[in-house]
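Next up: some structures, all given as structure tokens.
First chain A sits with chain B, and in the next complex the same chain sits with chain C.
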Partner chain A sequence: MKAQVLAKPKAFYDKFERKGGTNLETTHYCPGCGHGNIHKILAEAIVDFGIQDRTVLVSPVGCSVFAYYYFDIGNVQAAHGRAPAVATGLKRSNKDSIVISYQGDGDLAAIGGAEILNAANRGENITVIFINNAIYGMTGGQMAPTTMVGQKTKTSPFGRSSENEGHPIRMCEIISTLEAPVYVERTALVDFKSINRTKKVLRKALQNQIDNKGFSFVEILAPCPTGWKMSSVDSQKWIEEKMIPYFPVKVFKDISDDIEPRSIKKKTLTDKEILDVLGLAPSGKADTVDKDFLGKFSEQKMKIAGFGGQGVLTAGVMLAAMAMEENLEVSWLPSYGPEMRGGTANCSVHLSNKRIGSPLTTNPNVLIAMNGPSLDAFEDTVEKDGLIITNSSIVDRKVKRDDVKAIEIPLTEMASKMGMTAVANMICIGAYLELTKVIDTATAKDTIKQHLKKKEFVDINLKAIDEGVKYIRENYS
Partner chain B sequence: MSNEIVEVDFQLPAIKVINHLCKGCGLCIEHCPKNCIEFSGKFNQLGYDYAQYNGEGCTGCSICFYACPEPGAIEVYKKVKGE
Partner chain C sequence: MAKELIKGNEAVVKGAILAGCSLYFGYPITPASEIAESAASYFPMSGGTFIQAESEVAAINMVYGASSTGSRAMTASSGPGLSLKQEGISYLAGAELPCVIVDVMRAGPGLGNIWPEQSDYNQIVKGGGHGNYKVIVLAPNSAQEMCDFTMLAFDLADKYRNPVIVLTDAYIGQMMEPVEFPNKRKEVPYRDYALYGDKKTRHNLITSILMNTELLEKHNIKLGKKYQEVEENEVKFEAMYTDDAELILMGYGIVSRMLQNVVETLRQEGKKVGLLRPITLFPFPNQKIAELADTADKFLVAELSDGQMINDVRLALNGKKEVHLFNRMGGAVPSVEELLEAARKYI
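Entry: the complex of A and B
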């Protein structure tokens, strides 16, 4: 006799190999857990809609963190509460994918409160499945934002009190007040009627996404017999008696029939367009370079250090930008405290003919010390035969090392004479370029013209470069 | 395996509880409108008193299939339409 068989949907793996261990056929969920039912109806819908090869499930932190053991579809496991943010990225970068954010109440309503509200408010074209079991199940039954008043949990052993812990949060109600969501409904797993309704609701939420209608949110009141310390059957009764009166099961918002499918036009920018927009378009002068840096050093590993406000970070950025103009490999890594001015700051800059392995500079071969503490801090780290430039206006001692090339320049005084102490960094760059010839001064000036945000200060900065060059020619050649 | 046509040698409609996958939560027993599922009184390898079909009365309504949280523990066999 022929029979039509209803069995495990094909969107599940035959064997749950990823689970490991000896039992590869059952889920890790407890007896009577609602996740199993929801997984089953979701898997069935995925098969029926023919979307198995383009569906990505974003699993949360919680018991369903292991959803990827079971579903034979794409899966990304997000950090706690961040599933809607990850889903946003997945959907926007691949708009033909069907992205489902699957989250529990601790994940979605507590730590992930901002992510879900903002994903909903943006109207991301994703489907969010929110499993509300009024407890933190995986971690051992602690109180969740959705825990009922009076409900005893590990962390509310005398029952949740509204005075102390507030009232349970109603996510469907909150989300349905937002403008963008297309479909918001709450269902429950209590009897066949409600399970059947959940089936329909999940399918509608998926269909909305397939039709590019926008954000759909399905909250499912599900049992956690272990966390609630009840039998499976009693758990379903508890949902009906305790949860549904507070969390009404109904459609909160459905505008899916009234809205047109959305199409977000994706603009793809070329590298050149991006650089143009940022005002960083290379002048395209030098093609290849074969530079001989400081004799034996194949890579300039620089440490530029000083007070915050002396422009040490800017000097580093400028040097890196200048070197990029000459098609060198560069890196720039700042290190500074929270202060805008007055603290100490330093940056590491690497310039090389070859790809740069690490942007960190523990042993620089060039140290620019704009103040005394910087010389104290970094002098000993400089490589043998390296270069140390000190700002002799405020560094009141000589370089102690005799195995390095030491250059003293009264940077602050010179800048002050020019009428702007802030250009001390550019004088220093001019001096550095004259000493090392790493970058052509003409390239350096073009870069300043292009990169300096305040164009009224271009001239004085260019003049500062010349001053630095002049000082080295007059004093060190 | 979902909605496939297979050859069977038992009376239709019927359900099968795959003994070693059942966790004994009892939800199929609770929701079966014909009360034709029962605890077996025996324990499977997982240590659960698994459910079983008592052999008569199944209408193929599939309520137990959806009430069961375990993906593969219950299979429902129905007559093929038109045959």
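Entry: the complex of A and C
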């Protein structure tokens, strides 16, 4: 008598060409294996829900690594344990697709423990089908995290010992403690009744995703006669007698009726909106280059140093921004790594009319020392004929070098008088600009207006620039 | 064109969005966290997706999933994170999926420290994962290039269906420089092999498993041909004063910025010194080095590692000329003066 082939669901390929070899009608699964049943249940559901075109199945490492041989749907093969992360990427990128993460026990509960827990905890709108057959089937029957105590496998040859390997892990129980999952149920493949229940459960888990309700997790206790070295009949009995008492078959969590579907509306921005979001709206200002100025400019290699809170990093950024407005090449580098010494914060700023090489100032021609330790740390590194500005309110000594230009300004005192010690850095910039004329003060002020985030402080900062200019004019001209 | 004074790490994010990248998956690590932090604001604001993954491993696998759907996706990390991502990078290369990964190098091995090193060269350029594969590696040395090369990386990734890594360091990432951004977002090309969740692409399969030995050998040969094509078409380098140079200095990333000063100083003194900066580390400028071997006498390679890129220079020179190493490690970055002194030894 010729074997009768029952009609395949349309979500399966007619012939399993991807499998190769001579037999393109049957699967690679062993007789009595649970995957065949579950594949069929899933394929039927996909057809009945009319989601074949938009369904993507993530197949794991394990016996179901070849699920793509059979399913005529989108297929992605993932690394061991990573299917929930891959599914996350798939779903977040294409919210209209139906994404199924199909995983075995080693894949999901051992090597992929972090991925499944966190995908569940984020409430990814995906469906996870977890086949628990208490063994690593594909690699030849080694112990799984769900292997029963006493169960013999190739890597637990004396039977799993709770002392050495711990107890089987119950994933439904763990997942159902999380807030986000919508639906968590464990079923088994032992008889028609339980297979029918599995059909219903799988459909519900898919329906939740179709309705944009969130994360559904279905664990199926399934036989592996080959791995267990049992007949199919004995395997079913073993599930009933050994597995179900430890892995109860039931609904662990179901809030699908209480959940409002999430909105999956996409936001598509125009180019202009994108540029606005990125803060890159073109200024519309024409680049006017003062070639004469640029040509005569000599490179400023600056070190600005002081206590944290004195605004040395901000001063550096402001100077760089001002110079950028003058079409100079600029770089700003915060104190970093071995450069951090003496308990000071500092930054390197280079302003140049040529392409800048090293952004790290080791031999500055300008040193701004806002406190004593900064002067101690960097005085010796300043180039001959360089400029040192010290904050004489705090620095209690003179500059020792006689081959540099030393300028003392009571920055903190002056800033206090203005009612805001934080503007000491801007007074210093004003003084520096007056001393060197590297940047026009009008440009400097425009830059402050543009770059200062707290607009209420613009005026006092502009005034600080003027104070710095005035101090130099009155004391050093 | 909009010009902004911006940190290299932030320029990566803005460049990526303008390159049409719509998904960022990351994990915090110093000194790359600024990329994730910036992405966490700008991706959602521009209609994209940002997810802080549970691990570096998960992040790269999320990129794998997103890339499978035809979207441009990226992740960024530093050395220890890249070690973890290597599994995923091998799968992406095997499945021929495009993506962009940024490695802001820190010092190792192990936890090492958070200061700059260039000791990821081997694990990135030589492929740190399993199997026969290569990734295209771009090495920026300015904030502008952090933006430009991130954008270029997405195009190269799509052109060759392969991961592209922007290999940079803590200095380039932290530094602020003016960056000119394009004023238009790029169109993401259609990928006929991707899964768009429709009838047309339903039969597509994204996988790296090929159980048939002949088929897997063929696949490897095909990948090899692709990498050869990359070597023929995509080599980028910058040469300064190399034509008549007797001593060629070589370095990439932050080191090349210091070497620029070294060469300029020595040229002012009339010394015949040139600088060759590899911009693509794979493909490596082998041919240019071989050409320079005919005109120059000596090569000095400066690296923030125990000497990793120097091995590629040696291969390209094939014993023709002497090659020396100047290196610092552990986060120490040489000053221009230190490098000048090192160079003078070979003049």
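Note that in this section the second predicted complex is superposed on the first by the 257 of 477 C-alpha atoms of A that agree within 3 Å, B and C clash if a C-alpha of one lies under 4 Å from a C-alpha of the other, contacts with A are read in each partner's own complex, and residues count from 1 in each chain.
Here is the rule we use: contacts are C-beta pairs under 8 Å (C-beta built on N, C-alpha and C of every residue); 3 or more make two chains touch, one makes a residue touch a chain.
Quick caveat, the model's predicted, so the values are computed rather than measured.
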Next on the checklist: Quick check on the superposed pair: does A:35 touch chain B, chain C, both, or neither? Answer first, second, both or neither.
Outcome noted: first
Checklist entry - Which holds for A:43: it touches chain B only (first), chain C only (second), both, or neither? => result first
Next on the checklist: Quick one: is A:87 in contact with chain B, with chain C, with both, or with neither? Answer first, second, both or neither.
Outcome noted: second
Checklist entry - Between chain B (first) and chain C (second), which does A:475 come into contact with in this model arrangement: first, second, both, or neither? => result neither
Checklist outcome for this item: Chosen between chain B and chain C, the partner touching more chain A residues is C
Next on the checklist: I'd like to know which partner A:177 touches here: chain B for first, chain C for second, both or neither.
Outcome noted: neither
Checklist entry - Is A:53 in contact with chain B, with chain C, with both, or with neither (first, second, both, neither)? => result second
Checklist entry - In the superposed arrangement, does A:161 touch chain B (first), chain C (second), both or neither? => result neither
Checklist entry - Touching A:298, do we find chain B (first), chain C (second), both, or neither? => result neither
Checklist entry - Which of the residues in chain A come into contact with chain B in the complex? => result 1-10, 12, 23, 25-27, 29-37, 39-41, 43-44, 47, 70, 191-192, 195-196, 199, 225, 231-233, 236
Checklist entry - Which residues of chain B touch chain A in their complex? => result 1-9, 12, 20-21, 23-27, 30-31, 46, 48, 62-63, 65-73, 75-81, 83
Next on the checklist: Help me check something: in the complex, which residues belonging to chain A touch chain C?
Outcome noted: 18, 20, 52-56, 58, 65, 68, 72-79, 82, 85-94, 96-98, 114-115, 117-118, 122, 266-269, 271, 273-275, 277-283, 317, 320-321, 324, 329-334, 336-338, 355-360, 362-363
Checklist entry - Which residues, counting only chain C, touch chain A once they are in their complex? => result 1-5, 14, 17-18, 22-23, 25, 42, 45-47, 49, 51, 53-55, 57-59, 61-71, 73, 87-88, 91, 95, 113-116, 170-171, 174-178, 181, 183-185, 195-199, 201-209, 212, 257-261, 264, 331-333, 335-337
